[in-house]
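Chain IDs A, B and C follow the sequence of writing; residue 1 opens each chain.
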Amino acid sequence: MMSSIMSDVGYVTIYANGVAIMLLLGILVLSSKLRLNDENEKRIFSSLLVIALGMAVFYIIISLRDEGIIPCSHMGAMLIESAEEFLLIALMVQWVIYMDYRMYHSPGHLKRNLNRIIVPVALICLCFIINIFTGFMFYFDENLVYTETALYYVVDIIRLLFFIIPIVMLARRKKVDENIRFFTIRPFFVSILFYVGIYYITPYSVAALGISIGFALIYVDVVNAYRYQDTQTGFFNRNYLLYLKDLIRDDEYELNSAMLFTVPGDDIENTSKLIHAQLPDDCEPIRYAGDKILTLAHVKDRSPLHMVSEDVEMSLTEAGIPVAVAYDLRKKKETGSDFLERFLKKADGDNYVNR
Amino acid sequence: MEIITLTDENIADFSAYVDEDMQDEMSRIFYRGIGAIDDSDTPVGVLIYELKDCESEEDTKSRIRVFKCENEDVKRLLMKEYAESIEEEEVARSFYETEDEHMSRDLRENGFSLEVSEALDVVITIEDIKGISKLIRVKKFPPHIMSLSEASVTQYRAFVKNCLFKGRRGLLDDLAYLPMNWFEKDISSCAVTDDKIDGVLLVKKAPSGMLFALLFTAFGPDYKTNLGLLMAYTAQNIIEKYPEDTRVVIRRHNAMVKNLTDKFFAQRKGSDVFSGNRSEA
Amino acid sequence: MDLQLTTRNIATLLIDGSTIFMLGGLLLETRIMKKRNLDDDRLFYILLRFNLILALADMVTYLADEKDFPGARYLNMGGITVFYMVLNIMLMLWLQYCLVRFRRVKREIRSRFFGYFVPGIIIEILVVINIFTGILFSVDENNVYHHGVLFIPMFVTMGYLALLCFIQIGRYKTHVDREKLIPIWIFVLPIVAGLFVPFVLGGISLTSPGCAMSIMFTHLGSAAEINVKGGEMS
C-alpha cells in the first residue's frame, strides 16, 4: 500500500488525472498565446481541452468519493456520475466538431454534419437523464458501489464510434486534400486508444490521461503547421517555400505556374486580407519578402492567373494601394525546380514587370 | 473570290452554311471563322474552327466545327487560309467530328484521317429527364441548393477561379471569359456553402431551343451529395419550364460523364459520326 | 521470472507509460519535421530521447524495487544509476536549449561554462563513482533503496540547474512585450511538481512526466514566442 489514507487504485487515479490536468492546463495556456490564422479552430480546440480538463477533475472527485474521503448521498453519487457522463458526451460532440472543422474549415458543412448527429446525441442524453431516477444504465447499491448494465456498454460503443469515425474520415481525406497533410494521426490516436482500453479493462480511471496526451500531440501538430505561418499576414512563410521546393524536386508537387504580388510593406496586414479575399482556395500564398507575396499553383492556363491578377489589382486599386502583379507558366520541357528557380530569380530582381 | 474573317456582325450572312446555334457560338473567344465570298459578295464557303489549349504551354489544338463550300476552288482556298491561320496560332494538331459526310470527305482529301465511331454527344429527352427525377427523389431541396439566378456575380466569379485552379472546366475552354448570364440561369443550379459556390450544373440554351449541359462539378466536403442534388434540381426545373419536345445534349468528354450517362440514360446512344485528325507540325 | 507486480508497479507503468507515449509521439513528429525541412531543433530531439531513457529507467527501477527475483537488486541499482545520470544530462541540455532557443546567446555558454555546466559534470562523475562507493544512493541486500551522504547536495545541484533554466526563460521575457508572454509557471510547474509531489505524498515517481512536460512546453512555447516576434526559427 502506498498510503493508509487511500487505496492504491485511488492513488493511481489521482496521480494519473493530476498529470492529465497539468498537461491540459499547460496546452491550454500555450494555445491561448498562439496567433492562428483561423481563430475558430483555436476556440474549438480550447473547448475540447476545457471539457477534457473537466473530465479529469471529475474523475478525481469520483475517486475521492469512492475512497470515502468526500461524503456522498445516493442521489449525490448518481448526479456526480451523470455529470461525468454528460461531460463525456460533450467531449464526443466537440471532438466531432473539431475534426470536421480541422478537415474542411467550413462552418456551413459543420452545421449540416451536426444536424446528422444531433438525434443520436439527444437520445443518449435523454437516457442518462432518465437514468438518474431509474438506474437502468448504471446505478449505486446501498453501499454506494457502482454497477453498469448491458445498455451502458451499447452507449459506450456508440461513443467509441463517434471517436473513431472522424479519424477514419481524416485518414481517407489526407490522401486527396493537401491542406491537411500536416495532420498526423498515429501519435494521438494510439495513446488515446491505449489508455481508454486500460480504463475499460482495469479499475483505474486513466482515460483522461490518454486523452490529454492525445490532445497534447494534436497541439504539437498545430504548432508544427504554425511554424510555417507568417504571423503578420497569415500567409505561409519562407520555411514553407523551402518545404515546397523539396516536394517539387521530388516530383511530389506539380508546379505549373506562379504569381507574384509586390505591395508596399507598411500596413501589410490589411493588404494581405484584400489579396487573400481574391485568391482561389487552392492557392497557397507565401510571404516571400517584406513586400512580396508569392503563390505557386498547379494550374496550366493563363486565363485563371489573369483573372486573379485582374481581381487583385482592382481590389487594391480601389483601396488606394499600389500593386504590381506578375505571373508565369512553366514551359513544356522545363522541370518544376527549374521553373521555380527562374521565377524567383526574376522576382528577386528589381526589373520584374507586369505581364 | 475573296476570303474574309467571320465575326459576330457578318456571320448572319452565312446562314445558308451555318445554323443559328453555331452562329451564336461565334461570339466565343476561341472560335475563329473564315468565309469565302464571290465577286458579287455572295457567300460560297465557310470554315469555322475552335482553338483548344491555346492558353497553356500544352500543344494548341484546333477542332474544325464547320467546313462547307460550293466547289473545289473554294475548298482549296479555305484550306490554304486555314493552314496559314493555324500556323500563326501555333496549332499542333487539327481534328474534327461531324455527321456531315461531305465535310468528312473534304477533310479527308486534305490530309485528315477518317474513322466512323459513336458520337460523344448524346441527346436526351424530357421523358429521360423525368426518369432521373424518379431515381433521385428529393421532396424538399436543402437551402444550400439553388438556381444560378440566386447567386451573385461575385460568387460566380470566385467559383470560376476556384474551378479553373482545380483544373475543372468541363467543355468550357473559355470558362474564364464567359459571363454568368451566358448560361440559362433559371435551370442552371449551384450549391452554396459558407457564401461560396462549391458545385454547379451549368446549362446553356442555344437559339434553336436545345439545351447543352456544359459544366457539372462540385468540390468541398459534401461534393458527392451535392452532385446528386444539383442534377435533381436542374432536372426538376427543366421538366417544369420547358416543353415536352425539348432536347438536352450531354457531351461524354471523359469517363466520369460517360459513366453518368450510362447509369441514367443507358437507352441513349450517340449517333454515328465521322472523325479524324491531322498533324500540323 | 515472476515480477510480483503490485498496484504501485502498475501505477508506475501507466504514468511512465504516458511519458513514453508523449515522447514517442513527439519523436514521430520530429521524423516528419525533418522531412519538412524544419529540422532546426536538434537539441530538443536529443532531449526527447534522453527523456525516453529516463522514463524507461524509472520503470525498470520501480518494477525491480523491493522484489526478490534473481537480479532484482542489480536491476534496481542499474536503473537508479541510469536515471540520475540521464536526469543530470537532461538538465544540462535543457539549460543549453533555453540559452540557444530563447536567449540566443551561444557566447554566454562559453563564458559562463564554469557556473553553468561544471556542477553538472561533477554530479555525473559522482554518479559513476557511486556505483562502487554508495555516497549518493545505494540498494541493500534486501533490495531496498537508501539515500547516501551526498544525496541532498546532488538533489540541490540538480535543482540549481533547473533554476538556471527558469532564469534564462525569465531573462528572455524581460526583453520583449510582456503582454505576449507565456507565463513562466508553465515551464516551472511540471518539473517541480514531478520532483516534489512524490516526495510529499509518496508512491510513484513523477519525475519523467514532469520533465517531459516542462521540455515539451519549452519547445512549444519557444515556437509561439518566436513567431509572435515575427521572426523565423533560427
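Note that in this section contacts are C-beta pairs under 8 Å (C-beta built on N, C-alpha and C of every residue); 3 or more make two chains touch, one makes a residue touch a chain.
Everything quoted here is computed from the prediction, not taken from an experiment.
**Q** Taking every chain's C-alpha mean, which one sits closest to the mean of all protein C-alpha atoms?
**A** Of all chains shown, the one whose C-alpha centre lies nearest the global C-alpha mean is A.
**Q** Based on mean C-alpha positions, I'd like to know which chain lies farthest from chain B.
**A** C
**Q** Let me have the rounded angstrom distance from the C-alpha centre of chain A over to the C-alpha centre of chain C, please.
**A** Centres of chain A and chain C (C-alpha means) sit 29 Å apart.
**Q** Quick one: report the Å distance separating chain A from chain B, using the average Cα coordinate of each chain.
**A** Those two chain centres are 43 Å apart.
**Q** Could you put a whole-Å number on the gap between the CA centroids of chain B and chain C?
**A** 69
**Q** Chain A touches which residues of chain C in the complex?
**A** 6-8, 10-11, 14-15, 17-18, 21-22, 24-26, 28-29, 32-33, 35-38, 180-183, 186, 189-190, 193, 197, 201-204, 206, 209, 213, 216-217, 220-221, 223-225, 227-228, 230, 232-233
**Q** List the residues on chain A that touch chain C in their complex, please.
**A** Against chain C, the touching part of chain A is residues 2-3, 8-9, 11-12, 15-16, 18-19, 22-23, 26-27, 29-30, 33-35, 184, 186-188, 190-191, 194-195, 198, 202, 204, 206, 209-210, 213, 216-217, 219-221, 223-224, 226-229, 231-232, 237-239, 242-243, 246.
**Q** Quick check: in the complex, which residue numbers of chain A touch chain B?
**A** Going through chain A, the ones touching chain B are 100, 103-104, 106-109, 112, 256, 280-283, 297-304, 306-308, 311, 329-332.
**Q** Would you pull the chain B residues touching chain A in the complex into a rising list?
**A** Touch residues, chain B against chain A: 55-58, 142, 144, 157-158, 160-162, 164-167, 174-177, 193-194, 220-222.
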